[in-house]
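The following pair of complexes shares a single chain, subunit A, combined with subunit B in the former and subunit C in the latter.
This part shows the complex of A and B:
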């Protein structure tokens, strides 16, 4: 018999001791392991074109237009269904992408390195809220913004990051949790703080004042400027704890808009999937629940690493998404202690007397107590081309934890 | 010599208020003179420099790095202090109020770390698993649930007793721990009486009655009705008895049960004999062969148990236990040889000894299986009535003629396995004019023989007679005492003394508790508990001022048996 407790202790220790630093920006094709010219990466577990959610289809079409490989939906669909362009999960390539999570070969990506264990992860650059590629929009203005990000903003931010010798994400997030962020849906404090830290280097690296001003303004305006770096940082944390023999700790939670998938440290790279849930959300004016696509995106890597919905007690402002009270935020975090293995050493919550955030989802506890992980998330329109329609909270389907537990029992001889 | 130790932790952010608190805790550690725990910003580094704690190492720190500097009397104190940092940081006290209902016992115990108890009243089929987890967490269990399989009860009690924990129940309705009532219990004052009960209302009635009579309770420990069955083997009952025996606050113990399995009752009573304090036994409807056996007092009703316990607690037993002086005996000395002249005295002696020794042979035995094959050849423990016909043919009765007894006495003194010789000296009209004048020198001789062989021979004698008898009672007593004989005018006193002595010599007769002792302190500290099931149990505890957390409990794995079974196996490995 394996020593589950020991294995789990190892996993959470590695997850917490991982120290992700965003070191720079580079072209996806140049840095992402296994990236190819005709490959698109996407959020969540593997999915076929037939089963693929509207917003993800939209984002893939938009990405192929951005790459100059297609000019129309039909053309793009032809490439994707004929196999001329293939698509694979971000998580198969040390990446994470929010919402549709589509990363194409020439997109710039952040490089995040775990300075403790040396592993790296990547994520694309955040475009802001609303009508954006990751929400399935692919209109000319969306593509224009993407080009500006890839040609002006990204290279400058990359240089600035290099100039300042990288930026420690664990420290950034630790502080942001003390300033009302949850580290997933609310990153206002982290993004402002990040902007402040980066601004001097941006100015030094910028070709002219106007570019510097435009870049700093874009960073400062976007409350999600740090989402993608945070996700890649969390990925380096959970990857540091992945593949530990005998561990029941979840190391990936991800959704593709159709399925919700998890991976478990002691069960290697096997996905356990079930239907992605409907988000309990507040909607932007003019939209309602019937417009919403089911749960989508790799951003649940934050909850997997012990922040996001799990750190909701740090971010009482978020409860407006579910018309709740601040006490609900505290209760959510307290509930997550029921299903996690440890309390985070570096991410703490003032409202809970600086108790560490609930860290390391243990499939045993999820099943035993019947409590599912709480996820804070944005909501995309179910149709391609529209974009974000709201934000709220959601849980994964229960069956994926059950199946994982049974697989674990079979593999390790508990059944 | 002041030593400065510095540790830098890269990328470890802590709030400054948290760090200031940590700094204060570090200063309280032995040998620490000064300390600075700050994030490595320039202004913080200036601060350290100002108080001469900025080591070259600390100067290299960046704003995202945590600097820990300790100056101490010596290197060991400095290292010890730095080594304490993680522990101190983790010592955050969860500031939740106990009105929140966690969904698991695990979180409940985190909310109320001082809780040493769990009360379980969920459906029987789930109760054992909840109890098992609580035992793993090191908690005593009050298990009200019924319909728990006896196999589960056995396993739980095995787990508990190996860990020095109590499982009261299943089907345990009541307990009083340190003045706090669990389950169904009365408001009973504290006092010197401890109760162990395998009967819920029995415990309530006895403790309430003790209160009515002005007495009070240390602890009232319930065991569940099945505890004294053959299968369960009185695990909790014996643990509780052992606990109360060790408790200096408990002066008198009361045992209450419906009739236990006979073998189990024997085991319990053996342990009770060693309690070192009076034990009042009320095994309802069990016929008592005696009303008293050393420290055991047998009664037939709950009321009588309460009354006697209060009386014993108030007045004591009024007796001092005689010293046994075991060290005087040589190894291998363990048997009794009774050399009686009076048949009835010999018969009563055998009867009383059944409470002490497994077998006492005799030529006139109380049951025929114990008949000596040959009255002239002693075996193991035996009592010989030298007044029996087989000895008196052609010879005077031993009350008149001491020769036969003296010869036998000297023979027994040569037997290295003999520890005690017990005799009667019956005086009065018709008896020898001065039996002690012959017996005492013979006894001295016998003892001298044993002593020469490196042994100690105890001789105990009962003298029957009066001060106006021709032989004069006191004169007989004095002569015997002068020869070193343990003398009493009470046959019972002599036999009980001898019985105790032989039991003690036999060592094996002392039951060693096979369990890890329950820590007394765990019952003495203010009771705090986690409650799973009936909410009224939590409300009752709160009403008594005991901190309690109610668990919002649901069946594990939502009642899915396959998954629940997997989880249980994972816990057991």
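This part shows the complex of A and C:
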């Protein structure tokens, strides 16, 4: 019999010892493994155009407009349904994308390198909150912002990151958890810290003062400036623990707005999927539950790595954004200790006497305890073109852990 | 009989509604009321040269060297003991200074204006941690840094503040309390937020990119960058509640390293003083309790305004710096509710279900409950020339509250 405990210990040790550093910015086509012209990446497990959620369709149409390949919805849809443009999950290409998670070949992406084990991951550049591509919006102002990000902001940020020799995301996130962040939906402190660290190099690398000022302002105004780098960083951590023979630890959780999918370290690249849940949310003024798309995005990689919903006890103020009481945030973290394998060495929670965050979801414990992983997330409008409508909390469907455990038993010869 | 409850309600309302905005930077001589050539300001209540603490003597000597009035300790001491240079408390001049709190005529100071009531306060510019003037150090490198602050950094920061139309400190501190700051010894989040907000204007106002980059780096590297503005901001708040007939609320707490002094709203500008306490501290490597000067500095104006030690429940991670357990931080805040008049409207604590911070120390309650205000503070070496040796927690001497209450009874005709 395989030694599951030993395998799981190896996985969490590798996840925790991974040290992701964001080293720069490059064109998706130039750096993402397997990226090609006429390929779009998207969040979550694989999905067909027919079953695809509204906001993901909106983001794909917007991405093709951004690429100059389509001028209208109809034209874009034609390319996507004819097979002239194909689409595959970010996770099949060492990437993660928040919400719709659409990455197109010309988009700039962050390069995040795990300095301990050498593996890399990528994510696109965050556009801010509200009416943005990742939430399914694709109007001219959305595309204009994307072009500015790709032509002005991104190149300068990339130069600044190179000038400062990269920025250690594990250190950044460790400090941010001591400053009221959860590392997923609340990245206020991480984004301020990142902006402060990067700003001198932005100034030194900028072509002129106004570009530097505007770049720092955009970076500093957006409390999710560090979301995408954090996700890619978490991806390098969980990838470092993936494909360990005999491990029952989850190494991917991701949603495409239709399905929620997981992968398990000891079960290779097989997806286990079930219906994406409805988010228990606080809605922005003018929106309600009936506007909400089901759970979407690769950002659950943060919970998979031991932060986000799992570290909510560090972030009591997050309840003003995602609903609930501060005690709920504490209780969520305490619950997650029940289904995880380790307490994180480098991510600690002051309010819990500096206890390490619950790290490494064990599918056996999820089933045994009947406790599902807790995720906090933004909510996109179900229709393309609208954008974000709220934020809240959600869990994966239970069946995917059951199916994964059955597959594990079959694969490793258990009854 | 005077209506004490009504008077106290007025005081805390004015303290809470005060909205301090840091609007710029100017030379002390040009803006501080009553500032003059050959005058030094210092922290705490009045003190003679003979009774003055080592670090305050060191800072005064350093300030005279900085002013070009003395080249040696002996020369400076001669000026200070002969009366050619005189010294008075910061609090007599609408100022506050951290630790030794020495402000000399040529030094730049922040201008902080309470936009609600129109009163102003001032404080010098923070030099960072360790071997610095405010901790009693005065070596050439300390003076060189002060000159850079006065000639390069300060003028640029002042221009940036003007360009952005000032920065609202009440908003800044309110957010920082949701990001793990206490608003006194832990200002990590406030300083990152401040740097992020100010950086674009620094870039736009700078004479060149390198000066902008170095200014942002200095501001961002120093977790106490916002301490002095915060103190002046708190001074405008407590000053707004000062001199209300019949009030038992404390409007100043300040220490000069020898004495701890308080003022009470209904008792005008009279100081009530007793011996400065010994700080229960975590010491930097190589230092111990025997190196420590007693409690020193005007920074207790933060606790007087309802933050700092009073808001420690917002800052569980502060115990890594000042000693103790996260639960001690919570308990400290809970204790302070026992001796204060109100819960702050704008400063709230997520971990206590967004309860307002304990605000407005009532000398009656201090005596009745037998609970002294809790302060957290840096610790200076007792000898001039060394600098900071640690940080910890301390309380004022009990006698000053007793004496204030007796004076109150006499003044207002109670038995």
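Here is the rule we go by: the second predicted complex is superposed on the first by the 412 of 415 C-alpha atoms of A that agree within 3 Å, B and C clash if a C-alpha of one lies under 4 Å from a C-alpha of the other, contacts with A are read in each partner's own complex, and residues count from 1 in each chain.
The rule we apply is simple: contacts are C-beta pairs under 8 Å (C-beta built on N, C-alpha and C of every residue); 3 or more make two chains touch, one makes a residue touch a chain.
Everything numeric in this text was worked out from a predicted model, so none of it was measured.
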item: Which superposed partner A:350 touches (first subunit B, second subunit C, both, neither); value: both
item: Touching partner for A:171 - first (subunit B), second (subunit C), both, neither; value: first
item: Touched partner set for A:179, first subunit B, second subunit C, both or neither; value: second
item: Subunit B versus subunit C as contact partner of A:370, first or second or both or neither; value: first
item: Which of subunit B and subunit C A:19 touches, first, second, both or neither; value: first
item: Partner chain(s) touched by A:59 [first = subunit B, second = subunit C, both, neither]; value: neither
item: Touched partner set for A:206, first subunit B, second subunit C, both or neither; value: second
item: Touched partner set for A:216, first subunit B, second subunit C, both or neither; value: second
item: Partner chain(s) touched by A:393 [first = subunit B, second = subunit C, both, neither]; value: neither
item: Those residues of subunit A which subunit B touches in one complex and subunit C touches in the other; value: 175, 178, 350, 352-354
item: Touching residues on subunit C, where the partner in the complex is subunit A; value: 175, 178-181, 188-189, 192-193, 195-197, 199-201, 203-204, 206, 209-210, 212-214, 216-217, 220, 316-317, 319, 325-327, 350-354
item: Touching residues (chain side subunit A, partner subunit B) in the complex; value: 1, 4, 19, 21, 115, 168, 170-171, 174-175, 178, 248, 331, 334-335, 337-338, 345-346, 348, 350, 352-356, 364-365, 367-371, 402, 405-406, 409, 414-415
item: In the complex with subunit A, residue positions of subunit B that touch it; value: 10-15, 18, 64, 86, 89, 92-96, 100, 102-104, 106-107, 110, 554, 556-558, 560, 562-567, 569-570, 573
